[in-house]
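Please find one structure pasted underneath; my questions will follow.
Every chain is named by a letter (A, B, C, D, E and F) in the order it is written, and numbering of its residues begins at 1.
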Amino acid sequence: MFRHQKELQFEVKVDRPDPMLARQVQEVLGGQFGEMTVMMQYLFQGFNCRGEEKYKDMLMDIGTEEIGHVEMLCSLISQLLDNASPEDQAEAAKDPVTASIMGGINPQHLLVSGLGGLPTNSNGVPWNGSYIVASGNLLADMRSNLHAESQGRLQVARLYHMTNDEGVRKTFRKMLARDRYHQYQWMAAIEELESKNGVVVPASFPPEAEEEAQEEAYKFWDLSEGEASSEGLWATGSAPDGTGHFEYVANPVAKGQIPNPKIPATEVHHDLDFKK
Amino acid sequence: MFRHQKELQFEVKVDRPDPMLARQVQEVLGGQFGEMTVMMQYLFQGFNCRGEEKYKDMLMDIGTEEIGHVEMLCSLISQLLDNASPEDQAEAAKDPVTASIMGGINPQHLLVSGLGGLPTNSNGVPWNGSYIVASGNLLADMRSNLHAESQGRLQVARLYHMTNDEGVRKTFRKMLARDRYHQYQWMAAIEELESKNGVVVPASFPPEAEEEAQEEAYKFWDLSEGEASSEGLWATGSAPDGTGHFEYVANPVAKGQIPNPKIPATEVHHDLDFKK
Amino acid sequence: MFRHQKELQFEVKVDRPDPMLARQVQEVLGGQFGEMTVMMQYLFQGFNCRGEEKYKDMLMDIGTEEIGHVEMLCSLISQLLDNASPEDQAEAAKDPVTASIMGGINPQHLLVSGLGGLPTNSNGVPWNGSYIVASGNLLADMRSNLHAESQGRLQVARLYHMTNDEGVRKTFRKMLARDRYHQYQWMAAIEELESKNGVVVPASFPPEAEEEAQEEAYKFWDLSEGEASSEGLWATGSAPDGTGHFEYVANPVAKGQIPNPKIPATEVHHDLDFKK
Amino acid sequence: MFRHQKELQFEVKVDRPDPMLARQVQEVLGGQFGEMTVMMQYLFQGFNCRGEEKYKDMLMDIGTEEIGHVEMLCSLISQLLDNASPEDQAEAAKDPVTASIMGGINPQHLLVSGLGGLPTNSNGVPWNGSYIVASGNLLADMRSNLHAESQGRLQVARLYHMTNDEGVRKTFRKMLARDRYHQYQWMAAIEELESKNGVVVPASFPPEAEEEAQEEAYKFWDLSEGEASSEGLWATGSAPDGTGHFEYVANPVAKGQIPNPKIPATEVHHDLDFKK
Amino acid sequence: MFRHQKELQFEVKVDRPDPMLARQVQEVLGGQFGEMTVMMQYLFQGFNCRGEEKYKDMLMDIGTEEIGHVEMLCSLISQLLDNASPEDQAEAAKDPVTASIMGGINPQHLLVSGLGGLPTNSNGVPWNGSYIVASGNLLADMRSNLHAESQGRLQVARLYHMTNDEGVRKTFRKMLARDRYHQYQWMAAIEELESKNGVVVPASFPPEAEEEAQEEAYKFWDLSEGEASSEGLWATGSAPDGTGHFEYVANPVAKGQIPNPKIPATEVHHDLDFKK
Amino acid sequence: MFRHQKELQFEVKVDRPDPMLARQVQEVLGGQFGEMTVMMQYLFQGFNCRGEEKYKDMLMDIGTEEIGHVEMLCSLISQLLDNASPEDQAEAAKDPVTASIMGGINPQHLLVSGLGGLPTNSNGVPWNGSYIVASGNLLADMRSNLHAESQGRLQVARLYHMTNDEGVRKTFRKMLARDRYHQYQWMAAIEELESKNGVVVPASFPPEAEEEAQEEAYKFWDLSEGEASSEGLWATGSAPDGTGHFEYVANPVAKGQIPNPKIPATEVHHDLDFKK
């Protein structure tokens, strides 16, 4: 069960309204790697966690923090939209400077939300459940979390340069610091988990079943012309878990058959040879 | 530019048709973490790569390999659907065993694709572009790739236990081996990149801007009752890049204001106080 | 079965083309609460209606009217796009005033529809079937209809202020009047239905099953700090159907257990404890 | 900012696992009118609320409660999936009873979530942001809330009959009671708001602009054959706000023009007459 | 403006309820090529048609017919769901035959629509606006229409074999006949349009701009191993409009450059070389 | 299995960056009829092809070519975005000319992709699998292919006029030539297939089942007022396959019944008559 307190986690104050920026900020609210994504991802991982109390607790701590981040961004967007109104939009046609700003505004901020944040990205595409994952495998999910925080912080960093509003930038600095912590956090969790079960997900796949195709687990297939790819750590030396050595296959040969599918029954209406 | 050869990368042969399994295999073809996802993700990362030839080449190598994995899974699904037909479906109502299988079949395998693979997941939801990311930041993207291969291999491993068809299992063992290699590959790439620029994405955010909110970058906020979360590596000791020490904040206090938004203009039709 | 006559329900004439407005009008054509939504919602409710001829007939009357509203808005958008062309777009880069307008245009109005209306909202997101509901419960559906007409009329009212084109405004005034009638209509239908079966949906849930949790049906849980919420009609006095009295629970206590889920089988590849 | 406590709001205990029911319960977790919808809808309405503290506080109270309902349903689904595993799926082909159950299972509960709840509906379609609305107009939004609780409670009531598991039914009875209260709550809020500003949304549209099309606001257009629709309260008597009398138009006549659109410029590639 | 009459276009009577078939029929109601698609596609093409009255009129005739087809399929699905109920679902667990049927049922037919048709396909994916096109180019659109009727009739033909209910089959025979006519109709329209402007869409692209790349317009590039593709009409002889001869390029050579993209500015946070 | 070579199929060089054009070009990369669509459509048709080697080979040839077109468009978009940066965006507010361009830019090109192509259309809607079809019926699919190339070439032609950048136009001219060839190609394939099995899809539907509704296969129903539609080839003369004569039905009469659906069981909670 959850409880809410009135204060925001950090102060959110903008120096001046900026409806074009409001549209851009939607990306980190309701986009693929926005706060709605990490909030829902951590909450579902926490709700579904089976065993290992300390991970469940930790997921609930951070998931709960992220609900508050969605709240902060809604407050930010509302402030950026202050004073915008349908009539300003009508005025816009007359003055090029205003018009240009209005051309870049999200029309749904006026029409649909009445100057509030929307559960959509910067192009108005609604947030959806396929942005998140809660797989029941902790290592797989911590890697998903690290990836989400990496993409998310990257976007906030880019957004930071899109405005010179000091108020907005101050809020972003707090968010960038928290995103930095969250990257650390998932790295630390990953380190713990890898040291227990090894680096490959899932670790529990039966070793005897691995054996048959063992040799395929260390080969780089050079399928794009050029061999620059042979220079990376992935092409030489040992696998990260020391179970084998990498091999760079410069001229890979297909090992499968040419498929030769069956002609289906007439009532599939393939229409090949049906008159026979 | 691309070229195609007729042979599959690995042999794909099923011992017997199994339409219910065909539906399940769709998850690793056209689901969130299926082969379409890694194929499109690596190709877009490769196409968009600016600078660092060896990464671009490597992304193109593996992206090109994954197109062939989509091809293999389509062949697998087609074979699992051999002999299925609309009339079988009609027969099903009469016999409980057949009926039960037909109850679990994907109706689109008969109606829409005529016994072929579909660009959808195991519930028939179409693959979509928001499953992938190509951000222009290599470290962020390699983490996305590691996460995708971790989730993907987890799903194939689960699928492995859903069938005792030795032909299908053999194909899965090849895929599991390649997915293992691909996890190694992204780990190796990540190691290279982290050793160059540090572990936080993005590395290039100006240090002077980081400073102000520096202290927020090491704190764990305990917002869910219970302190089990204090036992993890994320709560004590040094940050992975050694720039600070973690702090467990057991009773976190909100630092922001209570939001106090402006009443908008009448023509937004908020309907508050408009009669005044 | 349906028939079409050439005349529009009301006159639709614009004083001058305005491609930016054309984009905004898409919201009330193909958005969440646009005319496509009410058209499809009323038609599906009418098609699926079982029993009570007068409701079915009424739903078919208004559903049929709304097809004509989609027609009117397509005509409106076409007129707003008159004279727009790909070359105008190219010219735009040279003049800031034109450019600003072009910056706000929907590129699909040029590229995809050739200057016609699209089945999308103002941000280009395609209309989809999950915008509508036809539940087979008349009272539930009439409430959905009242909500849709309320949101829809709100958006048209906001749009009204975004233009000073008298032709467009005249069309909107007709639509606003019809939307007003449709709000009245659903209120009247709701009043009829509530007076028959009571105000709670569904009314037919067995009273003996209601009993056990009876006390939970009148309590307000104060889970957000502050007690301003105690001042509303929902916190004091009788329930609308007079079956009980509201109670404001200022310090709500959780009544459930701490969840304690089972560890799953190894082949789910949870990776916890699998080495044991 | 939010906080979490370990206990669930109400006890959630199932008598026995039932994977087919787990799939069905997804509808009220991640469907159009599931708990994710009301949770996100109330939170966004609360976050965006401008003015009228008691409404904002109330929205935050109930939005916060609904996060806990998502938590409860995840716990319910996890318990219904206990003991399900990929290998059970493989076994299913052998026994018709088991097979039939497995035929109705959601494959993603095994493959994707590892026996946990998913942010999707009962057919696996991901929850998305267009299920919700926060318009900035309180009356419009309260009507949306009443509609959502009506559809939601209807679905839980139907679900109630799909199981005879007493544990599950007990949880549903709590939810049905809360959904009843929430219907009362929005009715009470609506009554307050209507008594202030009148029943039409938005109330603030300028009366002088209403005037021109005044007569269209009281007419029922009989566009579907048959006059059963003339028997309802919407066809006779006074409008709910007493501003006019309803009129049943039995033979409605179109009032608009036959559209006569302009031929566009050649570079739109309409291909009509381009050789002239 | 539209009008509705009570009778269905053709008789729709089922011999016995069949909820599994009801799910399958959803494909041709709300799927990619279902009746909702052709209905909305023809209506939008008709609404947006500029010039050439006979095409506009024809599009409105057939678009209006298709609304009636949606109506027929809703009636069909309702009848197939007669007698289904939530309690039947609960009973199902006990008997394998019933269970198997229930395993294949669409849970939303019970929970969401209360035994009525849904605006979704056979897997429950909502219909959406990107299924349709109205491009403003008549020839392009007639080809889209012919393709939609071809895919649609194929699906109904497959569905025909999935049932031996004579009532259902009779309805399908009417639909198959109408779909046959509609294929003829678009072929005839295409013939008319091609004879006027030529076979290539769009015809109005300036010939002088075509010239430069003229030679590329007749070449088949053999990019997949094997030359079986050289045996088709597309590889030898004249182009359909007699403007050139096809050429089979057995060893195609890339004509473009190796891309060499610019390193972006630091504030894009590419993280390459940023320390320099 | 596939291989990649570094060179692009054709040269792609832009004369100058143009972020607004980059947004528009997304339509033909990731839109409904963009290169991702034809690439995935031809690959799935090729992968799933059963029988008729020359068609399978041909589909693989062109599917493989189209992967290279996606590559070309990514290169084009990257070049159009050269020099764009978040800070340019911030500068934009100061100068109306720049601002207007920035108002029309896709914010995701900066925030999400770091100046690269996205798997989305010109409004940012992600590409999805329901854009494509691979039905297993060759004639149906070739018609889909012809329609896709017709819509696709139309869009590129319109785009051509939106820029006067000679570099961009040169690339478009190559694409227009290839799209012309691809239209020829599908026409030729269609001609072959129609001459074998006849023009109606599917050809294999049993003639005896066609008979009963035979007369409905040649009638045009005039359901929209006005008889301009009687002037087309579809209204008079013979069907394209000479099996019958068209008939124009000027006053069509409904042939079906008035639906009379059953009242469902109480536990569906229809709420009609439940108190009886």
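Observations, loosely collected:
Here is the rule we use: a contact is a pair of C-beta atoms (placed from the backbone, for glycine too) under 8 Å apart; a residue touches a chain by one contact, two chains touch by 3 or more.
Source: prediction; values computed, not measured.
Both chain A and chain C are touched by B, D, E, F.
Distances between chain centres, each the mean of the C-alpha atoms, put D farthest from chain F.
Both copies, chain A and chain B, contribute mostly matching positions to the interface they share, with over half of the numbers common to the two.
Annotation: A-D is the more contact-rich of the chain pairs A-D and B-C, by number of C-beta pairs in contact.
A rotation of 180 degrees, rounded to a multiple of 5, brings the CA atoms of chain B into register with those of chain F.
Spacing of chain A relative to chain F, judged by their CA centroids, is 29 angstrom. Distance between chain centres (mean CA atoms), chain E to chain F: 10 Å.
Within chain E, contacts with two or more other chains are made by residues 1-9, 32, 50, 60-61, 63-65, 75, 78, 85-87, 96, 99-100, 102-104, 110, 112, 114-115, 120, 123-126, 128, 130, 133, 135-137, 139, 154, 157-158, 160-161, 201-202, 204-205, 223-224, 226, 254, 256, 261-262, 264, 267-270.
On the chain D side of its complex with chain B, the touching residues are 1-6, 49-52, 85-87, 89-90, 92-93, 96, 99-100, 102-108, 110-112, 114, 120, 123-126, 136-139, 197, 201-205. Across the complex, chain E is touched by residues 18, 20, 23-24, 27-28, 31-32, 96-97, 99-105, 121-125, 155, 158-164, 223-226, 254, 256, 261-264, 266, 268-275 of chain D. Partner chain A is touched in their complex by these residues of chain B: 5-13, 32-33, 46, 53-58, 60-65, 72, 75, 78-79, 82-83, 85-87, 110, 114-115, 125, 128, 130-131, 133, 135, 137, 139-140, 143-144, 146-147, 149-151, 153-154, 157, 160, 169-170, 173-174, 176-178, 180-181, 183-189, 191-192, 199-202, 204-205, 209-210, 212-224, 226-229, 231-234, 239-241, 246, 254-259, 261-262, 264-265, 267-270.
The touching residues of chain C, counted against chain B in their complex, run 154, 157-158, 161, 267-269. Within the complex formed with chain D, the chain A residues making contact are 1-5, 7-9, 30, 40, 43-44, 47-48, 50, 60-61, 63-65, 67-68, 70-71, 74-75, 78, 112-120, 126-130, 132-137.
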